[in-house]
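Please go over the structures that come below.
In what comes next, chain A is part of two complexes: it sits with chain B in the first one and with chain C in the second one.
Let's look at the complex of A and B:
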């Protein structure tokens, strides 16, 4: 069923997820659209675009092309670019119009590969799904096609899923890499950003996969099934999450073996809305530092039940979020600044902003994830706790009055 | 130079050429555009459908489309203060496949009307590219909504799939924006500006001329405080279209309301301005006296040229709809124009193109959308001053004139405004980074 967005912007789309995953890998990436979809990606969803030199293009789809096919023109234009420069691969990404006319992405990719002698992917994205589906599809396609069977003893770790759409910046990736290094896992490859094309084929040499966002779980599972590489999932935001992740890595614990705890003291209740792993990590740190709190996690995006606790939930759209916030009896909500308007009482005191690029795009581009690691985290956790306790006190006063 | 366009099968569009060194169609226009993958510079965009339509006061817009299609416009609405006036009905694949698209819309509009804190005075339902292929008939639905809610409803289209057609989105949205204007009971002494996104500067000689001819008000939609003010635009004796985006709106208002229009797009060279003013003068049966404006212009040209000297200047077609005429004006004044970034050559800018081909053959014309821009963008500046964000990005010019869409500029005074911006760019007063400038402007896809 269709759904209304009255307060929130529609979210980053599946094609932006694919283009984001491929952005740094030296490929020729074409979004098969008229211009708006590519413009959405380059102008709104991709913070690296302004200073980058990546080759992400619009196919320039027009009505006649959609009706008559005209695939030769598209292939000819791709050929023209491929003839002018070396690319590691080519990818054609779908959008709503090709979906509507039933464009055959697999067939086109096969034709493109045969004609251009270049690895060629077809991603039948539709614009009806969200970015995490595109990220997952691109990661899997790359792994299936390019990762080589290991011929040496495993060493190090892959970092999976660090997309700018989940606010990962280069510094955040460095912090994760340093954490892994400290624990004896030098980084083998990074998936989501970074100039890592040459390391992608070596990814199966890793001893462990570090999954930084839920969108990379399908990739981690694929690599576990195919090469037996175990994975840990989470973010080393502070001492608590670092210790937990270290323990898991050291003892090869099943990534899903222990549920995150929502807390049960209930002195104040917090709802954290955002990328599931990021919010799980934030919750773990928050409850460690402020054990009287109770915190639940929700997300509009990639959601895995085995990483959720009681009260956590996937939220499909704006109306569901409004309902959940109204019924949830939360003292405080943490989430993208644009979510504030969904609150039953949209005043500042019940809300702490934590931007998510897949929601608010370039509006809060300075809200990169690296500012939440290490010592900077404590202030943020204290702010959340203080605001939650004040909000609870105000509510109690109101109720008693 | 060939008269007939060259049709490209694929892959043969050129990125760049010296002006006049080949057929312009190899680089400019729809055929060249279809001959390459499109590079989307970070400065790509403009007013977009949403920012333009938000100019209609007290109008609510509901986009009916896949979730993805609404994203860029919704972020733009946040940036431009229009968030509360725009909503999205996000369709699912199965609704489209099963033909339940129309019913979803019939269900959603009453829900939304109920929820809106401020009741709109007009309602624009905007559909996207996929609707071009579905061919939905909205007539009865709009009539039903109008009867139920007692406000006008209309259909707008955000359909870049029709960019090569007769009614591309930029023109269509302006037609739809002004379509809510009813036939006036009487005319007043005003002229309505169409096509422009901002009013013409108060000091422009055109205002003086219109005043002298009994037309004291040069109205612009952005100055309408409410829907009633907006309706007053319909009383204008004349619609003056200064950018091509306004032509379909003007034709529609002539047909619907009987308002005559003049298409006199922004120009910069003396000869082109003379031609535009002659049209306006003919309509008013009064010759346009330009001597004083020309004298002021010459003064400004001299002053700025003394500061700029032979620094190279790059121009793009996001700064103005007449980049070739701007280049001509600057060349005639002694400036050193080195490059023009555009993928279009509209008929009204063709005389300037021809003049430049003959008189300034060293100017390079480069398509900003050609795929090779992603790797051929130079690491070092290729111009000293850039007029327009795209020229600034692609040339890496240290001096940036952050002018866009001819905003405020018209006639000789318009050139003086631009020269003032060039002066500031050279003096280093525009010291913000290009990214900051682009961000502050808020380009909309």
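Let's look at the complex of A and C:
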């Protein structure tokens, strides 16, 4: 029953993560499905689908193809597309039906590469895992295949993990890039959206990796192990997080050293639900501005314990979220508006919306991340604090009565 | 763009989507992995189990993985006891541990049975994939560090699941077990053709035919001729022997039950084809 969601929609799935990571790189991307998974990606999980060019296709898998293993037909269709246009690579992404019939994505990619003379990836996604697994797999595959060994002194920074699925819009990427440049790190490459295909091979020339979301941690660790590029993780949301990140970049300290997050044991307790790095940054800024708060972070998605603090938790399913929210004794919850349904009745008003694209997709498109950077952040932090203190006061009154 | 204009310097593939291959490469010592295919009832499990026993007697760390819903590939290595299959264990507890699905048999052979669905329902091929995935998730090869893994695969290459052991990163080579009987050789042709079809996918290579004799007329010549047609060779001839049945009736291999018999010597000799002993080669030279 733990897989059953009664209130929340299905989260963005692993195939959407892969397609999202590859979206802007000029490849032929094919989701191997009947069309439902491709439809989920294009219709719900990918804001760029409506605004720019894309080469994400559906294989049009039919019952007989699955039963008879008509790989030749699929390869023929891909060949036709590749003959018609110039692509940087091809990628075939899995979904539930190919997984169930044991489709060999790696073998198909090898065959496709041999026949088409084009770099070809096979991603054995299942549709049962969440988007960050697809993002991580695609980032790693690109790095293993295309990033070249550096032949010059390192310079600049890569921005890793800025997928729209984690609410990063072009403006947010610009803000991060400006922050890095201000600190002497011109951007070498961007992973997750918007970069030129030709900058990906140069990524190992970077002096440092800037990891904006937990989905890119495996990539950062791979690049650290292979080329010795250190990384810092976080988001420069405001003065506090900027100062911390600047300090760590300047000294290239331990990548896993964490932002200070806990305030004094305070008068109000807040639970921040969302992408781990983003919520860590929000907590740091919140506690810097309102030290009398206490804040914990929780996430349904990519989770790294070394970036977690006491009281933080990975949430594996809806039932666990409901339980945690009921037992957590929080004065306020910050998270995607759809999570409000999971709150205990008594806390109906004690919720601040912070949409997450991987949960509610286009329903709340106005909640783009770039609005949370810099001066605009203060109002949001004050709103959270005010609502938390009011909730706390109401609760104290009820208790005394 | 035509194909010719697309020819370019394609960056080399990494070791692929499958991380097991990478881990294995990083571990230093290469693991030999051989998959045994052949017509149902031809004696694959008997041959593979005796080979495992012979390899283990040489001091090698051996892992035998049965890929058959019947889950009886390794029973002569475990005193006739059928061990719980990976699917059986997963059915009860998805969070199974390595020790729940790998059992030590004769001479420390790591015995695994993939198992399958309940008869008549489910998907046997998918069950093999699930079992293999579980072994990978549990880092079975890295933790157990076998020198050689023998996959004992049910019958023919009937679907994606039964082709799993020959995919990239699993078996390096396929051996076909066949007698001189027509249907056994027909199955051998089908298996060899599947391997040929899959060559561009990086699948295992055909190592040769292991002849498990049925004492039919002109058997050696028939199998040798089939091997030539398939552009491969006969890598060993196992004579028909009553000792096999005698050993199996007490739940053992010939190698364990009759270690000094000529039949055990045949398996011992064949084991050197699949895992050559460098010292032995030097001695011969």
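The rule is simple: the second predicted complex is superposed on the first by the 391 of 401 C-alpha atoms of A that agree within 3 Å, B and C clash if a C-alpha of one lies under 4 Å from a C-alpha of the other, contacts with A are read in each partner's own complex, and residues count from 1 in each chain.
Criterion: a residue touches a chain if its C-beta (ideal position, glycine included) is under 8 Å from a C-beta of that chain, and two chains touch if they have at least 3 such contacts.
Please read all numbers here as calculations on a predicted model, not as lab measurements.
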In the superposition, chain B vs chain C on chain A residues touched: B
Partner chain in contact with A:110 - chain B first, chain C second, else both or neither: second
Chain B versus chain C as contact partner of A:124, first or second or both or neither: second
First (chain B), second (chain C), both or neither touched by A:363: first
Chain B versus chain C as contact partner of A:385, first or second or both or neither: neither
Chain B versus chain C as contact partner of A:85, first or second or both or neither: both
Which of chain B and chain C A:101 touches, first, second, both or neither: both
Partner chain(s) touched by A:232 [first = chain B, second = chain C, both, neither]: neither
First (chain B), second (chain C), both or neither touched by A:286: neither
Chain B and chain C footprints on chain A, overlapping residues: 84-85, 100-101
Contacting residues of chain A [partner chain B, same complex]: 1-16, 30, 33-40, 42-45, 49-50, 53-64, 66-67, 72-81, 84-85, 95-97, 99-101, 126-128, 130, 317, 338, 360-363
Residue numbers on chain C that touch chain A, as the complex places them: 1-3, 6-8, 10-11, 13-14, 16-18, 123, 125-126, 129, 159-161, 163-164, 167-169, 198, 200-203
Of all residues in chain B, those that touch chain A in their complex: 9-12, 33-40, 42, 44-45, 65-72, 74-75, 77-79, 83, 87-93, 95-96, 104, 108, 111-112, 115, 128-130, 132-134, 158-165, 371-372, 374-375, 377, 435, 438-439, 443, 445
Residues of chain A defined as touching chain C within the complex: 69, 82-86, 100-111, 113-119, 121-124, 137, 141, 144-146
